[in-house]
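Two complexes, one shared chain (subunit A), two partners (subunit B, subunit C).
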Partner chain A sequence: MTPRFDKLGVVIAAIVAYAAFFASFATFRANRIVPGEARSILEALPAAVGPLLLAIVVVAAMIALLKTPLVLRLVASVVALAALAILIGVAGTFLTPAGNTFARISPASGFWLLIFAFTLLLADVLTRLNLSPLARVGVLVVAALAIGLLLVSGQWDSLSILKEYANRADSFWAEGSKHITLALGSLAAAVIVGLPLGILCHRVERLRAGVLNVLNIVQTIPSIALFGLLIAPLGWVATHVPGAAALGIRGIGTAPAFVALFLYSLLPVVANTVVGLAGVPRAANDAARGMGMTDRQRLFGVEFPLAFPVILTGIRIVLVQNIGLATIAALIGGGGFGVFVFQGVGQTAMDLVLLGAVPTVALAFAAAIILDAVIEMTATKRRVETA
Partner chain B sequence: MIEIEGITKRYDATTVVDDVSMVIEPRTVCVIVGTSGSGKTTLLRMINRLVEPTAGVIKLDGNDNRSLPGYELRRSIGYAIQGHGLFPHRTVAQNIATVPVLLGWDKDRIKSRVEELMTLYQLDPEAYGPRYPHELSGGQQQRVGVARALAAEPNVLLMDEPFGALDPIIRTKAQEDLLAIQKRFGTTIILVTHDMEEAVHMGDKIAVMDSGKLVQYAKPEEILARPASAFVETLVGASEKPFRLLSLGRVRDAVEKGTAEGEAIPGDASQRDALAELLWSGRPALPVKDEDGKPLGRVTVDGLVKRAARPA
Partner chain C sequence: MKAWLPSLLRLALVVLLVAFVTNPGWFEPLLKPLTENNAPAIYNQGSLLTLTLLHLRTVLIATVAATIVAVALAILVTRPAGAEFLPLSRSLVNIGQTFPPVAVLALAVPAVGFGEKPTLIALFLYGLLPIFENALTGLTTLPGNVMEAARGAGMTGWQRLIRVELPLSAPVILGGIRLSVVISLATATIGSTVAAKTLGEVIIAGLLSNNLAFVLQGGLIVAALAVLIYDGLSAIERYTARRMGQATGD
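Then we have the complex of A and B:
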């Protein structure tokens, strides 16, 4: 019998083969800014552990390569990911010379490629399992708990990114909460303004093209340019409007960042509201009017519920976009995870850049999964078959 | 009674409905026929003020229809449209309950009314009530649309091409159901269609519209016998006239004394069906029986042919 190959498995196996045997697993640096030296899996881990990890990834890659049952693939990907996550910490401890606090150990390209390959396998398995929205959120929570547990256990403390964190623990959480406040606050403001504006655009046809064009133009302004444009008017407001400065409105800082994120958020919210309302079946609208609903009853009873999944899609776009964009706020003193990114760039300390970038990506990823699940639930609620 | 007096609707320079006056008797079916763009739908929508007229008055049982706010007026008038317009996010039961809920009926009254209507329309309330419209067939959706229009027991029901999206077999059934329910509740129905066959079949009176004008308003027999203009003549279809005339009458009204051989035809069948059966089977006469199978007599080809002639 000739073995049958899984299409995606071929790609995964190729990546694993390269990453495990040719790329470096970890990077050793004498201090945080000198160039690093590459270490392979066998060099980076204690004598017995290195071959064990190699065996695990090779077996997992074989399972991915061949047409195997879904459960087996699920186990292979989870075991491989868990082994990688735990052993990168072991490598950190193993490679750090005893008593040396300057040396930095960070995951290298081989590690990231292996993580990527097995995440791909896991994502493929989860897609094929066709999980319900709630189950997907459940998987997300389990993954977050597992990562949280590894962080709290101190398993990764020997890695460079956590050494950077140890030096900045207080400001990390402060900037983190500022980041989330910026992203969620500007989203909330955009929804509060954008929904009524979208409804207005839907009702008043003459307004529609104008408003959407203006918002389109705003969307095309590069973020740094927009911050620049906002400095003058906000500075003017701060000096001339009583109480504005006390509220924290200034030409630079949080205020322009908030306003810029708000402006970027408006287009997706307004546009999706308009598209969602326009997608409401004409006959349903006509029937609603013909049966004696007032405009308000029609809006809240018929148009809005039918447009809701589309509007929610707009909100999802905005949330993910804002979590990413809020990084730029650090440029004008707005705070957020961007602070570490720009400090790191300034000091050529990649670990510090990662300290800002990794939580941002994780947040955006989690937000996308949760909102996708919510969208699917609101859209399918009305399609449930009666059992 | 619905009195339409000198109703006109203009959009800028275009006159869509031009000085239409007519009276619709209570508990009858009035069918408005016309080609597309004849203004028939606009005329219908002015009755419940989905469209406000430029000039003229419409009175419902003597009251000007502008004496109430538009939405309150519309709650008292049934409204069913082509493609049914059911709310996709609400269940069948919720859809039917729309107007009673707007009127603030109490829960028990709504529930029993919904169940009554669903049973009337041969939809099991237990099985179909909790379903969503997309889970129903086209014919079922149409029935729910009409049930919803009748939910608050309106005296008047407006229908805009309600059978337009149905296939011919389901359409005939839906028309029969509607006539039966109209008789049962005594609702005044105003129905818009472009199909003269449907108009002749359904209407106690037919209003023919052309370019915004009411060109003829009369009983079906009258329209068939004496079309008021060349336009009405075309709409009726010259070669169809005798058959449409026959389709208006029941077999029991054409019964002659005597007996005949072969399969009997029910007294409630249309005379047109009887003639078709006679021609097809090559017989000169058919026996007629009533619902209980009691023989009533017979119909003959000669008798029916005389009835198909232009009335004096």
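Then we have the complex of A and C:
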């Protein structure tokens, strides 16, 4: 009997073969900004460990290549990812010359490709397992805990990105909280303004097209331009309205970033509120009217709960988009993780770029998974209740 | 609102935009009040026209490449041979959308260096997602009876794809391209932080030298381009949708 190949497995095995045997696993640099020297898996790890890692990735790739049970594929991807995560730290310690504080070790293309290949396998398994929303959040929490544990244990301390972090620990958390405040604050403001506006647009048909058109145009204005354009009016407000400057409203900084993110957030919130309310079944509304519910009771008791999943979808779009866009706030002095990205680009220090980019991607990714799960749960709950 | 008013506004915007990038000197008195300490009111480290054209070229190259790859991928995963990849490609698109464009741009620099290349890569990758998603939606939600009829008429898989599936999903795919172009126009401005020649250069020069006139002119040109291109592509989309509607209605 000839073994049957998994189509995706062929792709994964090809990536793994290239990454493990031909690409470099880690990069060694004598200091922060000089070009690096490549190190393969066998060169980057202690004598016994290198072959062990090679064996693990080859076996895991074989499991991916052949048609194997889902559980086995799950175990293979998790073991391979865990081994890679732990051993890149070992490589960092192994490659750093004793007592040298200038040398920088960072993961290289081979490492990233291996991570990509096995994440692909894991994503495929998780997609095919068709997990319930709660289980997906559970997987996210376990993954976050595992990464947190590795960070706290100091396993990765010898890696370049964490050396950048060690130099900037205070500002990292300060910029991080600014980033989250910007993203969540502008979302909250957009919900507070956008929900009533959406309800109004739903009730008053003449308003609908006009409001949505204006918000659509705002959405097409590029972020960097909108951030820049808001500098002028807010600067004017700061100098001409008494008390505004004392409130922290200034031409540059957090204020224009906040207003820009708020303006971008409005369209998805308003549009989804309108779509959600329009999708409420006529029968539900008629029944509510027949029961003698007032307009207000109908809105909060019937229309709103039924439209909730659609509105949540709008909020998900806004949150993921805002977490990404908040990086640009750094360009106008608004803070956030973008500060590290742009500093890193300016100094051609890629580890610094990663220090800003990785938490941003992680935040956006976590927000997307959690909100997707919440949306699915509220949507199924409605279906069960209305059925 | 009168029916001709939007068209008139659009025409006025086009005229204004062309006049501004070709003869920015005419508008100097308007922008002068925004500058301080006698700073120049019009961007003087390069021609606005050249930057506008380079900006559009970057977006065009990235969008064409993204369209070809995204549509090809969408076709692949909707054929029987590639059906196995469909659920995974959906999750990947979802994951990909959580990557902020700035991060993609910054991470492309170590691989290809500064300049236009990282910008093209970021625009390409970021432009892929909306087009792929829309192409997938278009190709998987074709009316069943039309597909049955095509099969019944004896069309091969290839003929069905070229003559039925792609034309019918064209409006939805165009919608994806429109989204992608608007995102790319914005992201291209950020490309100037890694030394790409785009209109972002004007905005960033303004941010660095605290010259509001620069920020305003760079921002307004990009915004006008985005609104006009968005409108233009929407019109093409409506036109193809109408044609497809008639074609299936006959």
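Methods note: the second predicted complex is superposed on the first by the 380 of 387 C-alpha atoms of A that agree within 3 Å, B and C clash if a C-alpha of one lies under 4 Å from a C-alpha of the other, contacts with A are read in each partner's own complex, and residues count from 1 in each chain.
The definition used in the following text is that a contact is a pair of C-beta atoms (placed from the backbone, for glycine too) under 8 Å apart; a residue touches a chain by one contact, two chains touch by 3 or more.
Every value quoted in this text rests on a predicted model; they were computed, and no experiment measured them.
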item	value
Contacts of A:142 with subunit B and subunit C, given as first, second, both or neither	neither
Subunit B versus subunit C as contact partner of A:55, first or second or both or neither	neither
Which superposed partner A:286 touches (first subunit B, second subunit C, both, neither)	first
Which superposed partner A:225 touches (first subunit B, second subunit C, both, neither)	second
Partner chain(s) touched by A:302 [first = subunit B, second = subunit C, both, neither]	first
Partner touching more residues of subunit A, whether subunit B or subunit C	C
Partner chain in contact with A:10 - subunit B first, subunit C second, else both or neither	neither
Common interface positions of subunit A, toward subunit B and toward subunit C	none
Subunit A-touching residues of subunit C, taken from the complex the two chains share	34, 82, 84-85, 87-88, 90-92, 94-95, 97-103, 106-107, 109-110, 182, 185-187, 189-190, 193-194, 200, 203-204, 206-207, 212, 215-216, 218-220, 222-223, 226-227, 230
Residue ranges of subunit A touching subunit B (in the complex, touch as defined)	281, 283-294, 297, 302, 305-306, 382-386
Complex contacts: residues of subunit A adjacent to subunit C	7-8, 120, 123-124, 126-128, 217, 219-226, 228-229, 231-232, 235, 320, 323-325, 327-328, 331-332, 338, 341-342, 344-345, 348, 350, 353-354, 356-357, 360-361, 364-365, 367-368, 372
Residues on subunit B engaged by subunit A in the complex (per definition of touch)	48, 50, 71-76, 79, 81-89, 98-99, 102, 130-132, 134-135, 145, 148-149, 158
